[in-house]
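Please find the structures below.
You will see chain A twice below: alongside chain B first, and alongside chain C after that.
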Partner chain A sequence: MKAFFSVFRMRLRMETQYRGAVLGGIVCQVFFGLILIAVYRALYAGKPQSLPLSHVTTYVWLQQAFFRMLLSSDAELMDKIRTGGIAYDLCRPVYLYGFYYARIMAQKLMGSLLRAFPMLVFAALLPEGWGISLPASLPALMLSLAALLLGLCCVCAMENISMALTMRTLDPRGFQAMLNLLMMILSGNILPLTLFPDSWQRVITLLPYAQMLDAPIRLYTGEYELTQGPGVILLQAGWTTLLVLAGMMLWRRNQDRLIIQGG
Partner chain B sequence: MSYIHVQQLSKRFQVRKKGGPGSFLREKQMLQALEGVSFDIEQGDLIGYIGPNGAGKSTTVKILSGILTPDEGEVLVGERIPWKNRKEYVKHIGVVFGQRMQLWWDVPILDSYSLLKDIYRIPESAYQKRLRELAEALNLGDLLRTPLRQMSLGQRMRAELCGSLLHQPEMLFLDEPTIGLDAVSKLALRDFLKWENREHRTTILLTTHDMEDIAALCPRVMVLGHGRKLYDGSLQDLLRHYDKARTVEIRYDRDKIVPDLPESVQVQKEGDGFRIVYEPEKLPTAELLSLLQQAGPIREMTVQPQNIDHLIADMYREMGL
Partner chain C sequence: MNTVRLYLRSMGILLKSQLQYPLSFLLQTLAQLIMEGGEMLAVVLLVDRFDHLNQWSAGDLYFFFGLMSVTFYITECFGRGITGNFPSMVRTGQLDTLLIRPRGILTQVLCSAVDPRRITCIAVGTVSLILGSRMSRVDWTAANILLLAESIFCGFWLILGLFLIEAILCIHSVKSVEIANALTYGGRSACQYPVDAFPRSLRTLFTVIAPFALVMHVPASRILGKPIFGWPDWVAWISPVSGFVLFAVMVFLFAKAMRFYRSTGS
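After this line comes the complex of A and B, so read on.
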């Protein structure tokens, strides 16, 4: 256990070292946020939707602020797998799945927190109809924070599966591009899931991708009411457990049939 | 029973062969990395493990360190089977892969060490003591707060070695630890390995292409080729068999002089002198000297044994590698 905390701390610290990347990420995400909101304002000006515009802008800003949580990979870990540096990790007395889970979580957590705070402050200062609105209520905020934490666990489990698959294909680019596309669409990163047709939403919101960020945002805006909270959390926890178990199985199978590339 | 016992070890890999241009499907091919390799190593031994690229050296190290599972054969290291109960086993061994990195690139190496401390659950006092000892022996004192990325290759290798030894393993596997190092760093590394071996009776298995490493460190050497063990014994005995030629470099007072030598001797003009390769078995050194003197007054000359790398190259050739 101590090893997991230790690698978590280490990866947290490493993430804080790349200040330029943080700044670059913020500028990029703010730009995307503004463009997306401009598009939705135009859409609403032409044909108002049933969903209030302030919900959409809030959704967009929260998605952009936590972009790093969904769509970023530990490049150093990928490289290790690709070049065979992982050989070292394989001869350590640690449980590899947990070791990598801690590492991935540190990277996603710190990576998104560093960007989210300044971005949310910026978004809060924007005028009505452009910026982020306050949470539906204090309990809604608390519940959405809990859901965000579970969402983080869920996305880390998903990422660890993708790492395990990288060990098989040895080059992550092909299937990562595909997985990223799925992630962008089904998590609500490109188009808020709240704007999908109702019949689609019924299915999409049940998928694991919707548990990561879409569910916490809906709790924040009040789209999901407080009474729905326990159900949402339960669904998140269910998917997280399932993905963790799948990841553990994949890593165990990897360790049984292993080829280390080069030298 | 010996400390490391390897019996009839075999390992095959499936490699995918790229088809011709335009073909999408790839053929599969089996590659025999190791075939029936057996050896025993006693505790406290320092063994050299050599062979050309692709001979199976690294595969052996990866099996012995519990990363790979062999297809056939028995392996016992300190009465443990490496790939069974891997987590328990690896506490007792240390590994250095010369071409890979275990320390974190962007943080001071001391932080990487403290992560290793937690991974191996080394008690704080034992860790501090061992770190002091290793930092002194490897001359790392000023580097502990430096990130790995700012270090030279030689410094990096010393830092990596320290990382692999913090938990005081009984057995150390070194896979090409001197690759790319300059002379000073190589000598320092060799001294350190000797020290660690003597001081803590750490058993060391060293794979390398640097024959000087072997000559300086390993009383016993094993040669591997095409996945089979070809030789196991002392380096001297191995070399004696191939070490037949000597090289003489000679310069006369006047450059016009050309010595008259029998056909079994190779003569090469080099600068204003000659480079002569002869075999004392065929032409005794005394005879060669008198022939050289008859040609004219000698200004300077040296006699050298054959370069160890040439010997090994001859040996690989003869073994059909």
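After this line comes the complex of A and C, so read on.
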């Protein structure tokens, strides 16, 4: 356990090194958020929906702020797999699944927190109808924070699976790229899941992708009421457990028969 | 003419090398299909929910989306050297090798990469264009076809010019500059919808500074028979040239920036 904490701490420090790049990323992300909201505003002006516009803008800002949580970004680990450098990690006397889980989690946590804070402050300062609105209630905020944490665990488990699959195929660009794109669509990054047709939402919200950011955001805006909270959390926890178990199994299989790229 | 031959020859060689790993290529192409398919799905679902955007019907919106997607990915496919590889060329010092060869830098950069995986994105865009023109009952006269071709052609140079901004910043700062993405990828995301959907500041940005509206929306709206901004017909033939102008300005600035190029030395 101590080893996991120290790798976690190391990655946290690394994430804070490139502050200039972070700033550039934030400006871009904010710009994208403004564009999306402008489009939704124009659409809403033509045909108002039962879902309030403020929920949509809040959804967009929270998605943009925590974008880094979804995006798989550990290029270094990918390189290790491709070049065979992963052999060094295999020699470490730690449980590999946990080792990578901690590493990925630190990166996602710090990466998104660094970006989320300034972006959410900016979004809160925007005029009515453009910015982020306050959470539905204090308990809703608490619940959505808990859900966000669980969502993070869920994303990390998912990424560990795609990492394990990359070890199989050695080429991250095909398989992993596809999983990533699926994630962008089904987690509500490209289009808020709340704007999908209502009949689709019944299925989509049950998928693991919806547990990552969609569920916390819906708890925040009050789309999911407080009474639904425990059910949502349970679903998240269920998927996370399932994905972690699947990931552990895949890693064990990988370690049993592994071919390291030479060089 | 020699330059064109050189470019075509490079493309042939690069294409061959990419096809050496057929499975990987296939998977990556498929990933591109999912990506652009997802973008189109978003437009389809929005249209399903909202019916229209200002005066633009569902068909019009598909048409605008298709035009942007075809143009943008043709650029990413054939201009990969500028749109993708340039920052890493500067960082690794690979650009130095281009300096000693008897050809222009930009020519060589353009010849250095092609991205055939984008073909599926272009296909999605084409489907959207056809679907949109059917739904909006576009009359495909010779003039309209020519206007569409002009728009795509000028759009290619416009987008290439915008990516040159990143290249220019990169020469000065060595690191790739993410902020420049706001104009390129941001422009794509925004201007797949007609520009009059946006508030004044964004509209000005995408009309005057990064003239997506002049290059794409003015001719497209003329083809759809609903001229944007209420401008007369002949303007649609002239306004796309602004893409070319932007590219020319950027080439000039690029040449100036190259005078400051200091090799990274690795």
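The working rule: the second predicted complex is superposed on the first by the 262 of 263 C-alpha atoms of A that agree within 3 Å, B and C clash if a C-alpha of one lies under 4 Å from a C-alpha of the other, contacts with A are read in each partner's own complex, and residues count from 1 in each chain.
Please note the rule applied: contacts are C-beta pairs under 8 Å (C-beta built on N, C-alpha and C of every residue); 3 or more make two chains touch, one makes a residue touch a chain.
It should be emphasised that the depicted structure is a prediction, and the values quoted were computed from it without experimental measurement.
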Touched partner set for A:G46, first chain B, second chain C, both or neither: second
Touching partner for A:L138 - first (chain B), second (chain C), both, neither: neither
Touching partner for A:F31 - first (chain B), second (chain C), both, neither: second
Residue contacts with chain A in the superposition, chain B compared against chain C: C
Footprint overlap on chain A, where chain B in one structure and chain C in the other make contact: none
Residue ranges of chain C touching chain A (in the complex, touch as defined): 21, 23-24, 26-28, 30-31, 34-35, 38-39, 41-42, 45-46, 48-54, 175, 177-179, 181-182, 185-186, 189-190, 193, 197-199, 202
Chain C-touching residues of chain A, taken from the complex the two chains share: 20-21, 24-25, 27-28, 31-32, 34-36, 38-39, 42-47, 49, 171, 173-175, 177-178, 181-182, 184-185, 190-191, 195-197
Complex contact set, residues of chain A against chain B: 2-3, 5-7, 10, 13-14, 17, 76, 83-85, 87-88, 90-95, 255-256, 258-260, 262-263
In the complex, chain B residues that touch chain A: 13, 58, 62, 65-69, 86-88, 90-91, 93, 95, 97, 99-102, 104-107, 111-112, 114-115, 118-121, 175-176
